[in-house]
Structure formats: C-alpha cells, structure tokens
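Heads up, the next two complexes both have chain A, just with different partners, chain B and then chain C.
Entry: the complex of A and B
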C-alpha cells in the first residue's frame, strides 16, 4: 500500500466516514421527526397482546428510561451514534428481547453469500458477452442473441424473480419454491447441506444475474470498441496471433479495468434489489429481516438492517477505490 | 432493433465491389441521428403505456379498481380458472381475490408509476444541473462541498432510507414519494455535468464569451447548457428508471401510497395472498409484464440517446 499517497487516502477515508455518519443520522432523525413514540408503541403492542395493561403510566416511564428517551436530544443522538458504530442496535421490539445485532448476525451470511455469488457470476458473464458483442470473430447467432437478451437489463430483479419462480418452481417444479435449504437437512458442514443450499439459492441468484449482466455487457461493449481501434490490437493481428488469444490477452485485459470501479458502485444497487428478491423467495437474509420488521413495525430492526447494508456498500466502495490503482498502474491517485 | 442485421456485413471481409444495402442504409441513418430505431421503439412502448392510461379512462370504468367490482378470481377472457369458470368480457384481464378488475388496476396504476418516475427525475435533474454547474464553474470550496456531498450520497441506496421514512410515517401520496425519491437521484447528473463543465470551461467558445463580457449566468445556461442536451436526456431517462425501480420496490414491500392503486401494490397484494401457489398468474403476471415493458421502453430510449450523442456506438 506504499504507493497510495496520504492525501488521496485521507480524502477516501473522509468520504467513507461522512457516508456512514450521514446515513446513521438520517436513520435517526427520520423517525424522530414523525413524532412517533417508541415507548407508547411498545406499550401498545403489550396491550394488544395481553388485553389491558395495569399501571400503564409506570410502565411507560420505565420504557422511556430503558429506551433512553428521558435524556436530552443531543445526548440521545451521541449515544445513538456511539451504539450504532459499535453495532449495538438495541433490542427488537417485535421479538423482544432478542438483540437486533444477533438477528442481523444470523441474516448477514445468507445475504453476503447470495450477493457475492450472483455478483461474480454476472460480472464474468456480462463482461464476456459484452466483449463478444464487439469481437469480429463472434458467431453471427451470438451477435443477434446477446442484444436480444439485454432487454432484461432494465427490469428490476423482483420481476424476474417472480417470473422465474412461476416457471421453474410452481409450473415445472424443478426448483424449490422458497427457503434457504431443504427441510430434511440439518445446517452443518456436510455435502448434503451444501448441495441443498446451492439448489435453493439457484433461482434467487439467477433472477439477479438475468437482469444485471446487461449492465456489464453494455459497459464492456463501449470499452471494447475503444480497444479495438488501438494500435497494439492491430499489431497483434498483423503478427498473426490466434484471434482467441488476442481477445483474451490483448483486448479484454485492457478493456475490463474501468469495469472494476463500476463493480463497487453496483454493489449498493444490487443489495437494494436483492432485499426484494429475498422477500419473494423467503430467503432468510437481510431483505427478509427488513420485510418482517416492516410488517411488525419493529423500528430497531429496520434501522439496524438499513444501517448495516449502507455500511457494507460504503466499505466496498472504499476498498475498490484503494485497490483499483494497484490493478491499473496507469491510474494515478488524486489526479 | 432491426439494425442488428446491419452488423453482420460489417464483420465480413470488406467488399470492394460496392456498398451493400446495409451499408447504404447505415449511411442514410447518419443524415438524421434522431430517427434512431431504438429510440423510436422505446418511445413507442412508453407512449403505448400513456395511451393505455388515457384511452382506458375514456373507454373503461376505472371505478372497478375497488373491492367487489366483480366475482373474485376470474381468469382473463377465454381461460378457465381452477374452479372451472371461464373468464368473460366483463373483466377481460380477470379479477383478483377481492374482485378488483385487473384491467382497471392497470389503467390507473401504470400512469401512476410513470408519474412518480418522471416527477422524481425532473426534480433530481434540476438539482443536478444547478449543483453540477456551480461545482464546475465556480470551483474552489463550493466544488469541494458539492463533490464530497455527491460522493457520499451516491453510495447510499435510496430504498433503505425510504423504507425507514415510510415505516415511520405510514401512508404518503404519490407526489411526496416522488419528492423523497428525488433526494437520491441528483448525484449522478451532478457528477456528469460537473465533469462536462470542467472540460468545456477551457474551450474556445466559452473563453470567447467570457472575453466579450458575458455574465456567468449567460455563459452557463446560454452557451454551455445547449451542448449538454444529449447527456442530460440520457441521464434523465436513467434517473426515471432508477426512480420507478425504487418506487416499485417500496410498493412491493407494502409501503408507498396505501389508497391509490399502483402496479407495485398489486404485486404486493398478489404475493401476500399466495397468488403464485393458487395459480392466479394473471393477477401478478400482467402487472409484472407491463412494468417490464415500461423498463424495456426506457432502456431502448436510453440506448438510442447514447447512439445519438455518441456516433461511435452507431456501428452495431
């Protein structure tokens, strides 16, 4: 990392910290502005569960204290920021008294797993197809098929998810309708379990891949058009190198670099889309957690999930910004 | 998309005997870049959806968006549902489990989605144009603040902040939803315009205008803005797509306007009532397809605009 100048690093770190703090602040301010009282909401839930509540005033006062609502606003805010940065989001109000952090801890691996797999597959397929759109030796059928498949690019993954689910789960019954793994396997490090997870994760991942590969393909196409006209490509051709060799070693290798930046920015949008895919496939990740929390009006969980997803996005953008110059020596920091 | 065939002759060895028909057609296309087939097809699809909204209100009873307008679970015309009832012309696209007419829902819902997208994108663009010009033209401290601000905001996925907002406030109107979404779609136009303004600032005609004593305002909006129009159009359409995706996402999560029919809301109701398992495909499938058509239309318009503003892309 010795090659990264301090000014650039400071700049990136400032952006990262600002992003996280602004996101945390927005998440804190918005419910406060609505005049919603979490203590009376909790009391209301108690009342709806057990009929009437005795000593309501005392319970309300106690709840206010345990939520920290008796403190001045500035103290509440500082306390909140500190807690959030240490991943202490308080207790879930719907499944009281489970800590929100524990619920997120259970959901996070599913989300990250599904996201990484679909992101990597899309990146590979999308860039390869984008390159093939420009390459002069691509079979003609591909030149027609790829742009036709690209019309799905703009469709949000929830729509593709619904269609795939209908065709492959309810009609053909090739894939399970929902859930992360089969009912007959126990979560453990066995082959059966892994196979079941992959089998169940296939449709959710596919519904994301189908609608996102076009984004990469389009970008790659533009970059390849640039590379195609370069002198070194002409020279490689003149030398009589095999076309396939030129495609992989000369063209794609040079064209793919700017796509890596897009990779980072895309993560944020992908996670947001995946939230909805998880919801329809009942996949036990952050999206399902968020949806269930919305249904039960569980604000600590909603805030915690939103914050963690934004944090993930910000950190990945930060990391890619740092790694990118190492991949592409032509880029100079701070330029 | 017909011009796909034109790509094939180009990949073959150059033919010296004369120009092929495809090549001639391609040359003709350079005469007026706005007659781009992708652009026209995309606009056609979008106008079709607008026409559905307008004509539907004239020729169809939109009161049927309410519960109990017909028998529940009716299939589209000529198709039998699980109970053996054949769909009739009273409800050409069928009904949902509470007897709402699907066609009426589409007529009312589809324009609502477009409205949210266009309004949010217009507001976002206006903010983006203002900030982008300020950052690129004034520079210095202003530039730093705007640049860091848009860097920060571009990382935050709008859907999540809006989920927090909606969970706290409950029901909101379409316009409020559009304004909220607009708070998250100004960043990319800001960045785009800033970069363009920075490169244009040094160009000859801007220097000339400055030397002849034109005001900053004049240079920004009369000299530079017209050159940005193709970029602005592209950015606008991309933002409409983002806004509609966000709005539909909120609606499918059961948030968003509660009392106005929207396509996302119809899909939410369908998923929640187990329409997938009950094989009521028309209930969720038709709104899904209509949304897909809307997004494909927007994508085609965007691709077409790209080709208009960047002739190098027209080769394919």
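Entry: the complex of A and C
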C-alpha cells in the first residue's frame, strides 16, 4: 500500500513495453500469412471503377513502391516497429492517401464514448444483478426475473440491435435509425450537439448492454456464491449487521475483486468488441473502421486498429496492477 | 438463573430425497455464567442446535418443533421474533465465535472497522473517538495491543490473533450468551490453550453463558462446566463435566472418551506380529532415505535449517515429525517427496539424488514413495469415481495384469484399510465420508507397494473417533507390508503411540529427537515441554494451567529464540540423525 516501489514500477513498465512490441510483431506477421497482395487489390478496385487499366504492371510496381512493399521483409518490419511505436501507422491503402493515424483519431472518440459508457453501465448493472441472484434477501420476483433476463445473453448483438431498431426507430419512432448525431447539428462543444450524440447513442448502447450484462451477472453470481459461504459472511450475520450493509461491504466488496481484472481486459476488447453493432447503426467507430479495412485488405488500418486495441489492453492491465493493492489489501506491490 | 432454554427443539432439513431430521427433541437450559459443551462427531447436530438459538440455520433447515427462550427479552421466545428484532439480538445478547479462524474476518476491512460496524449496527452511529475507545477496550480484553492490531488487515495477523479478534467482537457488547463453534480447531495446541484461556477469562469477566462446540473431550474437560453429548441429532447425555468424563452413562459417550489417544495411555494399536514384514534391504547397506545437510529457504525466510538424517528401510519404522504450523515440518515432507528442491544439500532415495534422476528413475521413485495428505476432500477428482484414483496409478506404473487383477488389487487394498469394497468402489468421492476417503487414499498408496510413505497430517481433518482407526491402518502398513513411514503431525498423542522415533521441529530446527517414550513421555527442551503441557487432558484433576502459565511458557520460548539448541535423546537402530 501507499507509495509504489520503483523496482516494481520498472518491472511492470518493462512487461508493458514487451507485451506491446511482441503483439505489434504478431499483428505484422498475421496479415502477411493471408497471401493476398494489397497492391493487386488496389489495382482491382481501380479496374472495377474504370473498366480497364492501362500499363497494369507499371502501376502495380508503383503501388508496391508507394506502399513500401518493394522493400525486403526485414526492412519492412523494422520500419513498421519504429513507426508503430511513434503512432505513425502509414497511409491507408484503401482510402489512399489518408493517414491511418487520422482515421483512427476520428473513429476512436466515438468508440470510446459509446463502448466505454455501455461497458461501465453493463459492469454496474451486470454485477448488481449477479449479486442479487445470490443474496438471500432479494425479493422473490427478482430472483425469477433476473435469470429469465439472461435469455438476452444468448442473442447475438446484431439481432438485438436490429430488434431495438425495429421497435424503437421504425415502429415507435422514439430514436433515430442510425448515425452518430443528427443532420441538424455541427460537431462542436455545444449542448445541442451533446444532446444529439446521446440521443443517437442510446440505442446502440442499449443493444450492447442488453446482450452483455449476462456475462458480468453470471460471473458475479459464481463469485457471490463463494463469498456467501465464507466464514466472514456468516460472522457478519452473527454480528447482527443490517442485511444491506452485509451485501455491499462484505459480499459484493469481496466478490467484485476478480471482476475488476476482467473489466480491465474488456477495456481493450471493447474497441473491437461490437463491430456489427457499429456497422448496423452506421456508427463511425473503431469497429466499423476495422470491419471496412478487413473487407478491403487495408493492412495499415488493420495493423493500426489492432495496435490500438493491444495498447489499450496492456495499459489497462498495467493500471489495474497498480491500483489493485488499493482495493485489495492482501495484494502488495511485490517483485 | 437460567438465561437460555431449549425446549424440545427439533430441526429439519427438507431435501429432494426426503426430510433429514438433523436435531430431534433437544431440551436443555443454560445458567448465567455457566459454560456448556456440545460434543459429538460431524453431523451430530451440535452446531445446528447452537445456531438455532441465533436463527442462523443454513438453508433449507428450520426449527420444526419446540421453543427457544432467551429470558432477558420481554418476549422471550426467539422463534417468534421479527427478523429485525432477531437481528438486534445477535451480538448484543447472543454472540458467535466462528470455527474458521483463518477466514472469519472480512479480508478487505481493518480490524477496528470490523468491531465498529457491529457496535454501530446495534447502537447507531457515534463519534469515531468513542468507537475507538470501545474497540480498544475489547481488543485489550483479549490481550491484543489495540494501537497496532486495530489498524491491521486480517491477513497481517496470525491464526491465534485472528481468533482473539473474533472473541473481542463477540464480547464487545456484553452479551448474555457466547456461542463458540470449535473456536480452536484450526490452531495448534499452544495457541489453542492461549485462545481458550482468553475466552474463559473474558467470558467470566462479563458473566456471560458459553456454549462451546467441539469434538475434543480433553478440550471440553479443561473448558466447560457441563457437557451435552449429541449423536445423530439427539442429546444422548447431559450432565456435569466430572460425571460425564469419570462416569459416562451412555455407550456413545464412553466410546468418545475411550477413542482419544493419550500420551502414556493405552495403545490403540494391534500388538506387533510375531513375524513382521521385511522392508527394503541392500547388500551394501545404502539407506532407504537420506537427507544430507538439507535446508530450504524461501526468499529471506528459512523454513528449514540444515539437517541430515538417514533412514534404513530394512526393518520398517515410523518416524514422526512434530511441530506447530510454520515449524517446517510440511516443508520437510515436500522435500522428501521431491516436490521442492532443497536450497542446499541433497535428498537421496536408495542412494540416488531424487532431484537428479533420469525419467525412468523418477518414475520408479514415484512408485516407491507414496503420500497421504491432510485433506481427504481435495485429494479426489470429483468428476471420477473413486476407482479411477485407485486404478490409474496402478496401471500407469505397469502393475496391472488385466482388469480382473486390477479389481482384485483394489478390493484387497480396501479390505486392508478396513473398508468393505462393495460399499466404496464404484462411487463418487462426494458420496463417501471424510474417513472413508482418507482410508481410500491409504489404500491407493498401498496398492503400489511403496517402500516409503509420507503421511502429512493424515488424520487432522477426520472425526476424533476415526483417527485411531485410520492411524491403525497406517501403522499396519509397516508391520504387514514392510513400508517405512514418515508421519508428519501436530498431534503429540498419536505420534507417541505410532512412532518408533520422534523429531520435534521448531522454527526449522530439530530441537529434540529420540524414541517417543523419552521425547513425549519425558520432554527436556522448553519447546517440547510447552507443547506437552498445552495438550488438554480429559482428566479434571490434571489442570491445564492458568493463562499466566501459558504466558510464562511462551516467554520461556521467547528467551531461547534465536539460540539453537538440540537435545538428542537415545537412538534407535537403523535411524541416525545429524545436524550440521
């Protein structure tokens, strides 16, 4: 507790950097195993646009050169690692010559806004419901309703999205069909714009919450059953503590600890987590960016997005490592 | 004056296979300031009966008949109180000291907060200063330094300190009655005496009644005024402690008393057969097991200081290693099993360093050296029938000559440990009792005809009445199957009976060693003396000593701390101990 030892910090930072470098390497290798040639793909798109392409070989060579694909693999790799670590992901091959960093810069805020909010909501609701499934003083109606609601967990998010869209957008017309904000507002720090963003974000967020809260609820339920059988819970009851106090301070407080680690891992995953939800709601986030990039074999974008995902996972795990001793006194910043 | 009455209390547990009558028609009264013991085996209903007075029965249990009266209440029938009124009774009038000392405090809360929340739940919010005064007083009453302990988290305390914190919580609101559920079963004898004396002292000071739940007749004799003996949910005998111990009426009570092995008492073992089985012998006299200057350190902590011994397997022997938790005895066990590598020195089996073996040698070593561990519940894979645990190593080591042979071997092994094969084979672990499982573990080891058995606390988790039987099974392995045994335990009485040689370990040092009649029968080292004097005797004329005696013993131990002295008593042939 208290101050974090320098040795421990150095150790964690080394791990963080190593993780990121190794992961970046894998990201680089995996798309190259697909055997597809992005230069040919670009040419193909040109051909399908213009009917036929003159001097195809020459253009192909030129494309290769501008994409850096004419360099030896080792050079490509070293250049890639250096550029990646400096957040220079190159230019998109599909939307040539937009810098990938700019594309990510545009998409990331949307995803973080939508996904982080829905993750936090899901985490809170899921864990609370999971805890209530176990607590002995939960009203009986809840004990029936919560497991029944788990049905939604088996619905794929794309279906829940379409369903919500149908009910609330097409039929009831309560919420807009798609897009991140209304056509009547300009992106700016104004109340109108913020309200429009929230209004448009509601359905996509809801469709994610509905299908993912079960993950947290079921995990929490298992942990709560463990805590419920612990001697300290029995003693808490024998001390005549109020049931609600026991629920929060003895049961949830202990059961939630492993969930915090899971939360950190999910933060990294959320960037790519709900690709299809972003897709059907035409939400210009990271998921959609990745999805489109895969369709067009846009290596730099795939690599850039994957790198951001890994970086976020690694950083959130790093932060949890630092914060964990504050929430669990048994864990110390050890070697 | 009576404070609590059980009147014809029955408790049922409805299950899918019918109603289990956990407690049937129990009536007894607890007088002011009196200490009552509930004794019986696991499943006898002793905890269930006591917990019914707190209305804290495990679901789906309920009181199906009778009344429980707490006379200090205006409406004395506890079963008629509202949930909120009952909550107010807990801790303020009836408090509870739980069994699992290791686990009964909230791991993420400071000690003083765990005393405060109990006070606040009954008396409402108050200034932190006042709360701290109250918690300090409670911690002082159990001999803990409140300025240090109050700020700590549970994992920073020893088992004994945790249990004293639980006592502090239990007495902080001056209850009428304290229910202590095996409060010392997870503690070693020295700590047990200290904690029990603390409990007795504070209970006497506040004049509360005490229900002590336990299975140790000796502990009862030293701690309570009256004893209730429970068997299968019925109170078979109830009376003053002296009458129960010196003149038990019910056959079950007599059985409970006679099943306790005593130091210097009658042996529970069969006499040595005329022609005991021979063990492992070599022509050149290579010892079966040899430790050469073995030590083990974990980081800065030395678990075991350098020691050497050699055990000759020709005439099988049982070597006991006794000591408190943390003395290094289990570390020795895992070194001998090759689970851990020593920090210095070498462990040799039949002359080969067990940590430098080729794969076939290592396989042969695993067959020749078997283990029995403490927890019979965790030793089986719950997804397999127990046959799997017996059969798998047997086949793996190439001993099988076909299915019929395996079956025969399993049945023979079961019989050898006193189990009827048809009642255990083909079942799942959860369908068997702890005692049956532990015997199966012994049978499993026996099937492989090992040369050496390492038994680490093999009976500490089974009922007292079964301990002697299982130890008898293990002892028979020596005489009838020629297996040498290393018996690791904290229980001096059983070590006294089964072993040929005893080593007393204290903080990683052997402090006293020799034949059990010398070491345990007539201890010389301060630590051994303290261990022996801390054993609670089921004998009312043999006093356990006051808490001052316990403190004096601990102080004497503190005096010799850091100075390493070993007292070697007489030796036995085939075993030699050397310390570097």
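The definition used in the following text is that the second predicted complex is superposed on the first by the 247 of 335 C-alpha atoms of A that agree within 3 Å, B and C clash if a C-alpha of one lies under 4 Å from a C-alpha of the other, contacts with A are read in each partner's own complex, and residues count from 1 in each chain.
One rule holds in what follows: a residue touches a chain if its C-beta (ideal position, glycine included) is under 8 Å from a C-beta of that chain, and two chains touch if they have at least 3 such contacts.
Everything numeric here is computed off the predicted structure, so don't read it as measured data.
Participant: Quick check for you: in the superposed arrangement, does A:291 touch first (chain B), second (chain C), both or neither?
Facilitator: A:291 sits against chain B, while chain C stays out of touch.
Participant: Just chain B (first), just chain C (second), both, or neither: which does A:31 touch?
Facilitator: first
Participant: Looking at A:136 after the superposition, I want to know if it touches chain B, chain C, both of them or none. Which is it: first, second, both, neither?
Facilitator: In the superposed model, A:136 contacts both chain B and chain C.
Participant: Pick one for A:165: touches chain B only (first), chain C only (second), both, or neither.
Facilitator: It touches chain B, and chain C stays clear.
Participant: Between chain B (first) and chain C (second), which, if any, makes contact with A:230: first, second, both or neither?
Facilitator: A:230: touches chain C, not chain B.
Participant: Taking the superposition on A as described, I'd like to know which of chain B and chain C A:238 touches: first, second, both or neither.
Facilitator: second
Participant: Quick check for you: in the superposed arrangement, does A:254 touch first (chain B), second (chain C), both or neither?
Facilitator: Touch status of A:254: second partner only.
Participant: Touch check for A:173: first (chain B), second (chain C), both, or neither?
Facilitator: In the superposition, A:173 contacts neither chain B nor chain C.
Participant: From the superposed pair, tell me which chain A residues show up as contacts to chain B and also as contacts to chain C.
Facilitator: 136.
Participant: Using the touch definition up top, name the residues of chain A that touch chain B in the complex.
Facilitator: Touch residues, chain A against chain B: 14-15, 18-19, 22-23, 26-27, 30-31, 33-34, 36, 133-134, 136, 138, 140, 143-144, 147-148, 150-151, 153-156, 158-159, 162-163, 165-166, 169-170, 177, 218, 221-222, 225, 265, 268-269, 271-273, 275-276, 279-280, 290-291, 293-295, 297, 299, 302-303, 305-306, 309-310, 313-314, 317.
Participant: Chain A touches which residues of chain C in the complex?
Facilitator: Residues in contact with chain A: 54, 56, 59, 87-92, 95-96, 98-100, 103-109, 117-118, 121-122, 153, 155, 166, 169.
Participant: For chain B, which residues are in contact with chain A within the complex?
Facilitator: Answer in residue numbers: 1, 4-5, 7-8, 11, 148, 151-161, 163-165, 167-169, 241, 245-246, 248-249, 252-255, 267, 271, 276-277, 279, 281, 284-285, 288, 291-292, 295-296, 298-300, 303, 312-313, 315-316.
Participant: Report the residues of chain A in contact with chain C in the complex, numbered from low to high.
Facilitator: 136, 230-232, 234-243, 245, 249-250, 253-254, 257, 327-330
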